[in-house]
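If you scroll down you'll find the structure; I have some questions about it.
Chain nomenclature is as follows: A, B, C and D, assigned in order of appearance, with residue numbering initiated at 1 for each chain independently.
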Amino acid sequence: MNTVLDSVVFKFIYCMLVSSDECANSFKIIGSGFISEKYAIIGFLITAFFLIFIIVNGALVGVLALIWGERRLVGRFQARLGPNRWGPWGIFTPVADAIKVMFKEDISPTLSDKFVFILAPILMVVPVLMIFAVIPFGEATFLTDLNVGVLFVLAITSTNTLSVLMAGWGSGNRYGIIGGLRAVAMLLSYEIPMALAAVGVILMAGSLSIIQVIESQVIPYAIFQPLGFLTFLIASTAELNRSPFDITEAESELIAGYMTEYSSMKFGLFYLGEFMATIASSAIIVCLFLGGWKGPEILPSHFWFMIKWILMICVFIWFRATFPRLRVDQIMELAWKGLFELTLINILSIAILMLIWPDPSITELWIMTGIKWIVFFVSLWIFGKLLGPKPLQKNGVARKIVLQK
Amino acid sequence: MFGFGLIKGLFVTLKNLVGPTFTVQYPNKRVGLIKASKYYNKNPFSLFKSHPLEGFKAIVGQAVIKEFPDQSPRFRGQEFNWFEDRCTGCASCAKYCPLGIIEIVTHPGEKNIQEGTSYDIDVFDIDIGRCMFCGICVEACPFDALHMGSGFERAIEKRENLVISVDELRSAEKRPSTWFRPQMEKSSYEPRNEKIEDSHDVGRHEKPSKEELTKRWVNER
Amino acid sequence: MSLRTEPVTMNVGPIHPSTHGVFRMRVTFDGEEIVDVEPVIGYLHRGSEKLAEERTYTQVVTLTDRMDYVASMTNNQSYILSVEKLAGITPSPRGVWLRMIAAELQRIASHAVANGFLINDLGAWHTPLLYMLREREKILEMFEMLCGARITNSYLRPGGVFMDAPDQFWPALNRFLDEMPNRIDDIERLLTTNEIVLIRTQNVGVLKKDECLNASITGPVLRASGVDWDLRDKNPYDYYDQIEFSRPLGEIGDNHDRFLVRIFEMRESLKILRQCIENIEPGPVRPKEVPFLVRPPKGDSYVPIESPKGELGFYLVSDGGISPFRCHVRAPSLINLTLLREMVLGDKIADLFVTFGSIDVNMGEVDR
Amino acid sequence: MTKCFSGEKICELIDEINPQSVVSTNSDSVHIQPESALSVFSELKNKENCQFNLLNSLTAVDYIDHFEMVYHLTSTIHNHSIVIKIICGEGRKEPKVSSVVNIWRGADLQEREVWDLMGITFENHPNLKRLLLWEEFPGHPLRKDYLR
């Protein structure tokens, strides 16, 4: 198991603070710090605090960048300019947004359950921040390497459900309640395909540690198991409440769903949590399916991770700009009748292939990839037939618009 | 195959991502070096001499220039254009206004004789705050004295200031719209770029001379 | 096992993102299912009919602009036709062709807005809506060339139109006619085969042929149900009898049919526009003898036209004065709302807004 | 082209149904008696040579000494149309006609609108409430004697 101490950054700062032989060996130039080995725990705490400070603020800056990027990119997808007033190319728009949100009046409705109402936005942000603890931002650059990293991520993300329900219930608004209940139904359902899609990865990697998963990817799992990638992508889009699965907020139906009654910084926290979840979730997808920091060695590993990360976020924005929303029953249908079975097929096919080739060489891996793609197309075709838009025909004749002369 | 329609849709949005935008950065547009030098009518090097700040901004594409959306010469805008020389104070505009927002007070005078007797204008108030820019007053004006304006940036802080008085009308810049004035359209006149000061240029017919008036109103009766 | 549930009554609107204005529905939900809907309207009531009784016939044109504010040209057209019939005015041919061009452009614009907002109600984050509005923008620019205003046009006058089209109008129109088919193709590529749109709209909000006719529902909604009833063809006004066009008919009458019918009608309008350009001839746009103050004889008139929303007609009664004695608007948007409750009962909450959007009502016209 | 029947033709059509119904005949419309209106309308909708299945428009006019209901009917099958008028509320006293909602569902909102703005009561209307104005609104604004 890799511990916290294996992270290069951590070691670097730790050794600047603490004088010990181990540090003197690993970082010869710096030598040892000024805290004696007796009080090493203080050095440890200071280092940990410093790193957490960086990660949290990095996430916040990332959210600001994402808000700008999303608005700008969606604008371009819609053939308009997007925000362009504040600063060059409008890059200070999120700052102006943040200032506006902070200085708005904080309203809590009379009918609301105050404790729950206030607790909900806080619960939204904290778990998402915890995900960043296990993300490796580059080779040997991570906060910690849990041996159950994937499990940790899946467990932490599911707590979002609770906060959405609390927000919907606590605000005492009917739109809010409907939004919250929809969220519970949808988020709980999509936990299962998400976890099962991750099982395919875990089977191949043979480990739950995210670092191990990345290191085991000779071919990125997105290419190696397209079915798993597709289901994980769809499920995580649903987990993020993003279009086409944004029924919890559903602007055209429920106004803003569970955050209808929120204003000021409470709303800001929801906003923050949502965008941070997008960033974190993209990072997870990059780690599990796109080979993490791996890439040709012309660029440092961190760059590869950043490029993939940003591309993944752009894909989410692209989805949002293109797709209409699904209805609530269709979403549940997709989860239970579609994705659930598809992930099972994925796991089954991987298990069979691993039985045939327990220790595959590169050629055998490519053969396995080919088989996986065949399985992908066949299963998608079958499920499209079963679940797709059925009544294209009426009385067996394809429906069309008649042009009466 | 299932999902094919979704993928087609994704490519349509992708096509629009790289395509042109249809909104404009009104009123200030941020542009690069080439467009900025074209706007200041300089070559890029002399731009640095005359407008150093704008020149440096232009290197990163941040030079600020004015940009207006396209506007038809017939645009029925604010700031009514009124030519006192042509106005006889008949108050047709006030009568035909569907909302009755024009107020005219006159007294008999000698100043603006068009055809027959005339009245001098004391009060000519137009309540722009209630105006809906239908242009029926302009259509009703028999002497082409009143014209629609071409502006649209008349946001002000107080509602009282939305009433245009006669002095304001007199002193205002004359950029009449060509709405219901086909004679102005023939000369390819652009209200955005050109002003009209002479009231002879806006009418359908010339102002008659004293002799003609005498002939018409005295001798022929 | 069945759960004990309790219906929840909720006010949707008048301030709600997808009620297309200030429409209010008192909706009762049971979980996600709709149990009861009662439309409550009147938030935009301005008393246009009463106001018209105190204005001259020309001044009323400005009131008609504000009824269906996404299709002012067809409103003007309907009103002017009624006045012409009442006063016995024969319009100038060029004026008639010009107002037909304006009306067909307006139909494209209105259908573009209807389809865009329908997809917006489906939750498409405004993308198809903005593509549609981009096309509408070109039409509005052409209207600005014609009459100096973009939405409240007041372009038509008894006897024709008030001013001939400027020189730059015809190239702009031709460019639009060349580009628009590609744009509609784009929209179709984006939406008509989109699986999400298909499963959301098919077999939702179904209107049967007979129900539809019995409830006086007209326009694209009626044609989507399969009734071949288009007043441009069945009761041609202006010069529509000299023009060949086909009428798209749906089969089932669900939301998807209504969406498709509007898309096809946009293509048909382009065809009509091309024929109008071919047929238009030089001449005056308005007969000289028509006075500024129209003073029709005693009597009444009702000329229905096919507006983008349905059959629009002005019932005018004259007592021989300079203003109408009574001016009644047969507003298609209001009457198309008759069956809203029947259409959405038993559907999900999300379908309510899609069905409402697919009827394409305009609150300015509903409340007048 | 929709064939608009002249007054005499409409009179003939209605005489086949109920000979006493027609009060007077104009050039393009007929006035019928309010009492027999419902039976005439239902026959007009169902009779083979009429089949007026589309109620285009339903409105009321205030002629100061009486009110007049105006019905524009069209048949989408034969493509012809008629105009029928009913005089009600002579001397401005409680104008009252029978509702046609059971014949044409499309009359629902239009009759509510007429009741709201003109104050004509429709008997047997299932839901005769104010449509555009609020319930407590005094008077009926489209009447000629309505003053703010």
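As a convention for this text, contacts are C-beta pairs under 8 Å (C-beta built on N, C-alpha and C of every residue); 3 or more make two chains touch, one makes a residue touch a chain.
Every value quoted in this text rests on a predicted model; they were computed, and no experiment measured them.
A.B. asks: Taking every chain's C-alpha mean, which one sits closest to the mean of all protein C-alpha atoms?
C.D. replies: Central chain: C.
A.B. asks: Please state whether A-C or B-C has more C-beta contact pairs across its interface.
C.D. replies: A-C
A.B. asks: Using mean C-alpha positions as chain centres, tell me how far chain A is from chain C in Å, no decimals.
C.D. replies: 44
A.B. asks: With chain centres taken as the means of their Cα atoms, state the distance from chain B to chain C in Å.
C.D. replies: 31
A.B. asks: Can you work out the whole-Å distance between the CA centroids of chain A and chain D?
C.D. replies: 64
A.B. asks: Between chain A and chain B, what is the gap in Å from one C-alpha centre to the other?
C.D. replies: Measuring from centre to centre gives 54 Å for this pair.
A.B. asks: In chain B, which residues are in touch with two or more of the other chains?
C.D. replies: Answer for chain B, listing residues that touch two or more other chains: 2-3, 6, 9, 12-13, 16, 22.
A.B. asks: Note the residues in chain A that touch 2 or more other chains, in rising order.
C.D. replies: 77-80, 321-323, 388
A.B. asks: When you check chain D against every other chain, which residues touch at least two of them?
C.D. replies: none
A.B. asks: Name the touching chain pairs, would you?
C.D. replies: Here the touching pairs of chains are A-B, A-C, B-C, C-D.
A.B. asks: Going by the contact rule set out above, which residues of chain A touch chain B in the complex?
C.D. replies: 73, 75-81, 84, 88-89, 318, 321-323, 377, 380-381, 383-385, 387-388
A.B. asks: Okay, in this complex, where on chain B does chain C touch?
C.D. replies: 2-6, 8-9, 11-13, 15-16, 22, 70-76, 96, 98, 132-136, 139-140, 148, 177, 179-180, 182, 185
A.B. asks: Which of the residues in chain D end up touching chain C in this complex?
C.D. replies: Counting only chain D, the residues touching chain C are 1-2, 53-57, 59, 61-62, 70, 72, 76, 79, 81, 83, 104-110, 113, 117, 130-134, 141-142.
A.B. asks: Touching chain A in the complex: which residues of chain C?
C.D. replies: Residue positions touching the partner: 8, 10, 16-18, 29, 32, 119-127, 130-131, 134, 190, 194-200, 202-203, 228, 246-252, 257, 260-261, 264, 348-353.
A.B. asks: Taking the complex as given, what residues does chain C use to touch chain B?
C.D. replies: Checking each residue of chain C against chain B gives 55-56, 58-59, 61-63, 65, 127, 131, 134, 137, 141, 144-149, 152, 154, 162-164, 166, 168, 186, 189-191, 193-196, 198, 292.
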